[in-house]
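Look at the two complexes coming up: chain A is in both, with chain B in one and chain C in the other.
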Partner chain A sequence: MLIAPLLLFVVVTFIVPILSMLFRSVENDIVPDTIPGVVTELAEWDGSVGAPPSEQVFRYLYLDLFKASEAKQHTRLGTRLNYEKTGLSSLLRTTGRSLDDVGEEWQDPLEDIDANFKDGAFWYQMMSGTDGEDLLEERRDLWAAMVGESMAGDVGFVPSEQVAQMLPWTTRAYTDFAIWTAIEDEDSVAEEDPWEAVYGALGMDLTNPETVSAIQSYTGPGADALKAAAANVGQLPQTGFREAFAAENEDWLSPDVWATIKLYSSSMTSGYFLNAVDMQLTPDGIEQKPENQQIYTQLFMRTLVMALIITASCVVLGYPVAWLLANLPMRTASILMILVLLPFWTSLLVRTSAWKVLLQQQGVINEILVWLGFVNDADRLILMNNATGTIIAMTHILLPFMILPLYSVMKTIQPSYLRAAKSLGATNWTAFWRVYFPQSVPGIGAGSILVFILAIGYYITPEIVGGTSGVFISNRIAYHISSSLNWGLAAALGSILLVVVLGLYWCYDKIVGIDNVKLGG
Partner chain B sequence: MQLIKTLSATALLVAASGTAYADDMASNMTLVSWGGAYQASQVAAYAEPYKAMHSDVTITWDESSNEAVAKLRAMNEANNVTWDLVDVVASDALRLCDEGLAMEIDANELLAEAPDGTSAEDDFGDLLVSDCFIPQIVYSTTVGFRTDMVPEGTAAPTDICAIFDTKTYPGMRSLEKRPINNMEWALLCDGVAKDEVYDVLGTPEGQQQALDKLATIKDDVIWWSAGADTPQLLADGEVFMGSTYNGRLFSAIVEQDQPIGMLWDAQVFDLDGWIIPAGLPEDRLARVKDFVKFATDTQRLADQSKYISYGPARASSAPLVGKHAELGIEMAPHMPTDPANSKNTFLYNYEFWADYRDDIDAKFQAWLAQ
Partner chain C sequence: MTDGASNDAFVEFERVQKSYDGETLVVKDLNLSMPKGEFLTMLGPSGSGKTTCLMMLAGFETATHGDIRLGGVSINNIPPHKRGIGMVFQNYALFPHMTIAENLAFPLEVRKLGKAEREQKVKRALDMVEMGDFGGRRPAQLSGGQQQRVALARALVFEPELVLMDEPLGALDKQLREKMQFEITYLAHQLGITTVYVTHDQTEALTMSDRVAVFDDGRIQQLAPPDKLYETPENSFVAQFIGENNTLEGVVKEIKGNTCVIELDGGEVIDAVPVNVSKVGERTRVSIRPERVEYNRDRLHADAHTLKAEVLEFIYMGDIFRTRLRVAGNDEFVIKTRNAPDQVRLKRGQQIEIGWLAEDCRALDA
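Up next is the complex of A and B:
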């Protein structure tokens, strides 16, 4: 009961953010939410034939992208897809700019055929009616999914069910326009001229013979204009939207582009995780990445190996120090203790930078070695910007985390045990190895776990002294979080790291036993 | 950071309570910049004069430009954007614009005309590389070298390809730990014509060619990730030559009097400027617009060059560039845009790198790790 506030605090500020970050590693909502029509329609497209999808897909693409570009979502989609296929970012960005022009290819002739089409109020009258509430709500939900916020509110427009039957594309496009105008722009639908996309959609409807014949018997608002348009279909562009997109950018005809969109069209993806282990999703299944792009497996291995080396060096260096601290008289020990703690209290950045000064080729260590004649001036030791630098600096930085648990465990070992062993005839070594050392193992265990887990997630020290061969996986995670903005991949890498650490902890528990770990007393 | 949060929260409260006056403009602004000498030049050239005109306005600075893209995205997701104006490089502006995190602007409407009446759009010209970007300065990534480490009897390097010529110019080099710029220089020095560099770099073979060229000096390179690294490495004599921003070299050479020379050959122009975060409340937006109009006018941009050797982004500012505020030397010859310096230049290709960044970076990093 008393820990409830703390528990709540930890859940809210720690566990929930971590889980939501990790969830990004599989989340892929942006594709189905931004181009829902395309995703549904593309399910039937067979990519293995090597031909681009049908006109129908391009029609959905046009309407979905037009919406997306109004809401500035198309470039986000481009960024997402560009992680999988280079070039999609600019493809979507440039196409987004030209969608108006595409619509005008239909808008201009339609307005020539009947000037009423220029009038926003005329459109409003023609599209309004009764019984279209379901359609309105359906389109509203799609909008809400795309922009990620509620689109609730009064639109001031209800589509006519009759017109929707006759002009399905146009009604959808106009309803989308109406919702955006009323809710987002907070304008009156009746007073605004419709999007270019609405004219394009009317063009789509007019290619359907059933629509044309339905228009002949239609008598509602706008009947004359629609009849005129149906009679003069010849004046509209005779090519479809596939050609229109291809004219903007030929890549739209590339089956590869479409295969990528199809592959990443579900709302969950394994793509990030595959990427994080140097694999990739292709239309033919899961494959290894080309060798010149493999990096993460190597980095994971390096991180583990170097963290182990650092832990081992900390044990080797820390053990004697802890022994001294535990066995010297109180006064001397407390002075030594301050020497251990002082670097611990110093800023990490300062200590790392100090190592830089010491380790570089014109640095203190090399200068001294050259001066003493141990090293030739021409071939000074390369102590940093490689793995050596990382190991040296991190061993120093993490040493207190090894010494302190060791010390607190050693403090509890009775000196009389050693004396007893010796009085029974043990040599110094036997007494230490058979009597003292086993009792200090819990301290080694605690120190090792601390150092290892800290080391595996280290970021700043490898970045500064690690060069290229001494950087860890965390440096790549940081890169993807703050620089490439590929948070999905960063989350996948982070999840893998977390699982590896938990796995190692489990192994440790099985082999050494976690009960054997003591931080003190 | 915490302090800044508290400050801006307090400021917001103050702003909220006092919105009635100063024609509905917020009285506090949080500006984000790079810190250091660059931010100091902005304070001196824009912020102080603005405050002198509007005594009721307080300006808070946040030195977060380095991670502005990630932070702005996080703020946007949390629906709590506390920044009013953010200084970013153009490639980041492009991404923020793509992500819908930066506001699209109409240059002619938002920005001041040149004194001779030229519209802002014409005055900035090609430098308006994104719909959201308000350019301030042109800087360049170029190469500096230790004049005292040039081998005896050899002329000091004048050609960018000296980077790859370890025979004539032995010694370590420092290059940025990313593909951008390095790949272009590698191709250029491998015989690719300047106007074909990006066509070649767009192909897997071209990328391999660039990496192969870089591989010839791989053992001689220290890879840097912070702009201050190269000047430091040069000053310590750790490297013979290295790439960095021209302003950093200016300060090492002129202000700190180090034995360093610089190459202007094949310098890569890049832009730095403001973006306005998307979705600011009206009173804050009104204040920011008012400030930006002032801070990017012809005189203000020219004034900035008194404090730092970066070229003003407006064509009309160039003739007004004067002397260094403290050293009293003419600044024009130290500008990357000076005709003598810009005989052979590259302009960072934003569209290309927006597309190829992830792909080439993966290859580059894998190559580095080999």
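Up next is the complex of A and C:
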């Protein structure tokens, strides 16, 4: 009971973010939410034939994309698909701009056939009716999924079940228009002229002979206009939506584009994880990315190797200092301790920037080396903006995390052990190596775990002194979080990092044993 | 010290001084000579310099001044690991990351002994301390007494001629301590090892040692076999420190050969042996052991001086009676009498007369 507040705090601030990150790395709702009709229809399409999908798919694409572009969601979809296939972002962006033009190819002739089609109130009257509540709610849910809002509220429009039976495409398009107009634009549906997409949808319906024959026996509102339209189908474009999209951009006929959309149309995806290990999902299965696009495995390896080097440097540099701390007289030791802790009291940014001053080619170290004549003025050492800089600066910054656990373990090793070893005939070195060192190993273990795990996720220092060859995987994660906004990939990279760290921890436990890790006492 | 005595000595301290800070001497002018095979105990209160002496002998501290010799050779400049001295530490200092057998094999390993020989010696040493079955365990799995035995075996396994022990029984309970006291002395004598043993427990010192060096204030106050130490202390520190002791203060009134007469501060007169007094009128502190005080007039010499005493407390302790008296203004005067059939049991408030043989009462420094 007493730890309940802490537990709650940990759950809210630690476990929940981690779980949400893990979830984000496989989540792919954006494709099925934005173009639900296309996703459903594409399930039937066989990409291996090498032909673009049917007219039906393009009709759904038109209506879904029209909605998405009204809600400015088509660019998000483009960004998402662009992670998997470059070019899809611009394809969707340019297509989104010309969707109105496509609709006008049907709108103009329809308005010529019957001027009533120009009138928003006429459309409202024709589409309104009874028993269409289910359809309204269904369309409302689709909207809600796409924009991520509830879209609740009074639409002021109920589609007519009778018209819906007769003109399914038109009713769906008009209902979408009505919901958007009423809820998002907060306008009266009856006073607004419908979207171009509604005309396009009417064109789709009019290509169906059953619809045409149903119109003949229809007597409801707008029957005359519909009959006139049905009678003059010949004035409408004779080509379908596939041709319309192809006219905007040839790529819409490319089976590759459609294969990508189909691959990433499920609401869960392994795409981010595959990306994070330089693989990709293709219609033929999982395969390696082209050589020049492989960066993450190399980056993971570099992060691991550099973290190991930093840990090793910390052991080498920290061990003697910890030994002095534990064995010097109290007064001297506490002065030394202050020197060890001093970096802790300085801002990380200040320390890293100080290293920048020291390490740059015109910096303190190079100047001194040149002045002393160790280094030629022409070939000054490149100590920064590469792995060397990261290792030097991070070893310094993480050193206290090695020294403190080592010190607290060494403090518990009584000097009488060394004396006993010497009295038994061991030289200073043997006494140290056989008796003192084994007892200090738990401290090395604790310090190493601490330093390694801190190092593997380090961000600021590599960012400042690492250049391009000294950056860590965390810098890439930060880039995807704040610059490229590919959170899914960032989450996948983060999850892999987490698993790697846990895996190493497990190995450490198996080899050394966590019981052998002591932070003190 | 004559040349003859020097040849006989195995361990020698000659005018050794030690100072940690360069100002105060922790050990002042230490002279000590031990023959081979002796069991010598350094006894003293804490801070008396006894452990420092041991550490100098082991090589962990260097003497500021003077010479320490082992087998006739000065060891001042020999590092500890080359001295070949076995040592048992206060906290045993068994290496926690090694098994018992590994602990014992350690000194043999650094001496580059072969594996078979090592194992044989380790086994023999463990059997010697009756720990033969524990070779595979870790020190933390043993009780204090068992660790003690292992530490002893480890100090002996490489067959050193000299073994140092720094309060090795301090952490054990009373019963175990007594048992170990016996075992250590037995082993030391049986193996003929020269032993220097440091303790602040006087009972331990008396029961175990051939000779005891009583340390105080950086000097050896008295170096003597236990019985001499107890019965004929040479100064009042030793008299106070070893065993129970009654003290009375006064002035020397008369010295005649082996006895003297002391006039106490209250005016009473008693007989004593002059030890640290040389002339009449000197202040002195006389010391008398509780068990040497007699209150049965018949057992005293006819001419012996007696003192009036009042019984303040009578404690029945089974084998003895312990009676606290007020004597010459001293409320803490204790006498001990054997529980014998003819012994009188005193009562509180009873007025008695006490006396002693002059040779049991020693006039020491004031």
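Couple of notes before you dig in:
Operating definition for what follows: the second predicted complex is superposed on the first by the 521 of 521 C-alpha atoms of A that agree within 3 Å, B and C clash if a C-alpha of one lies under 4 Å from a C-alpha of the other, contacts with A are read in each partner's own complex, and residues count from 1 in each chain.
Here, a contact is a pair of C-beta atoms (placed from the backbone, for glycine too) under 8 Å apart; a residue touches a chain by one contact, two chains touch by 3 or more.
Owing to the predicted nature of the structure, the values given are computational and were not obtained by experimental measurement.
On the superposed chain A, the two partners chain B and chain C both fit, without a clash.
When both complexes are overlaid on chain A, the residue A:362 reaches chain B alone and has no touch with chain C. Contacts of A:386 after superposition on the shared chain: neither chain B nor chain C is touched. In the superposition on chain A, A:254 makes contact with neither chain B nor chain C.
When the shared chain is aligned, chain C comes close enough to touch A:427, but chain B does not.
Counted by residues of chain A touched, the larger count belongs to B, out of chain B and chain C.
Touch criterion met: A:416 reaches chain C, while chain B stays clear of it. Contacts of A:438 after superposition on the shared chain: chain C is touched, whereas chain B is not.
By the touch criterion defined above, A:353 reaches neither chain B nor chain C. With the two structures overlaid on their shared chain A, chain B and chain C come no closer than 46 Å at the level of C-alpha atoms.
Looking at chain A, you'll find no residue that touches chain B in one structure and chain C in the other.
Put simply, chain A touches chain C in their complex at residues 414, 416-417, 419-428, 430-431, 434-435, 438-439. Partner chain A is touched in their complex by these residues of chain B: 66-67, 69-70, 73, 95, 97-100, 104, 172, 177, 208, 222-223, 225, 236-238, 351, 354-359, 361-363, 365-369. Looking at the complex, you find that chain C touches chain A at residues 58-60, 79-87, 89-91, 93, 95-97, 106-107, 110-111, 154-155, 158, 164.
Of all the residues in chain A, the ones that touch chain B in their complex are 71-73, 75-76, 78-79, 82-83, 86-90, 93, 292-295, 298-299, 360-363, 385, 463, 467-469, 476, 481-486.
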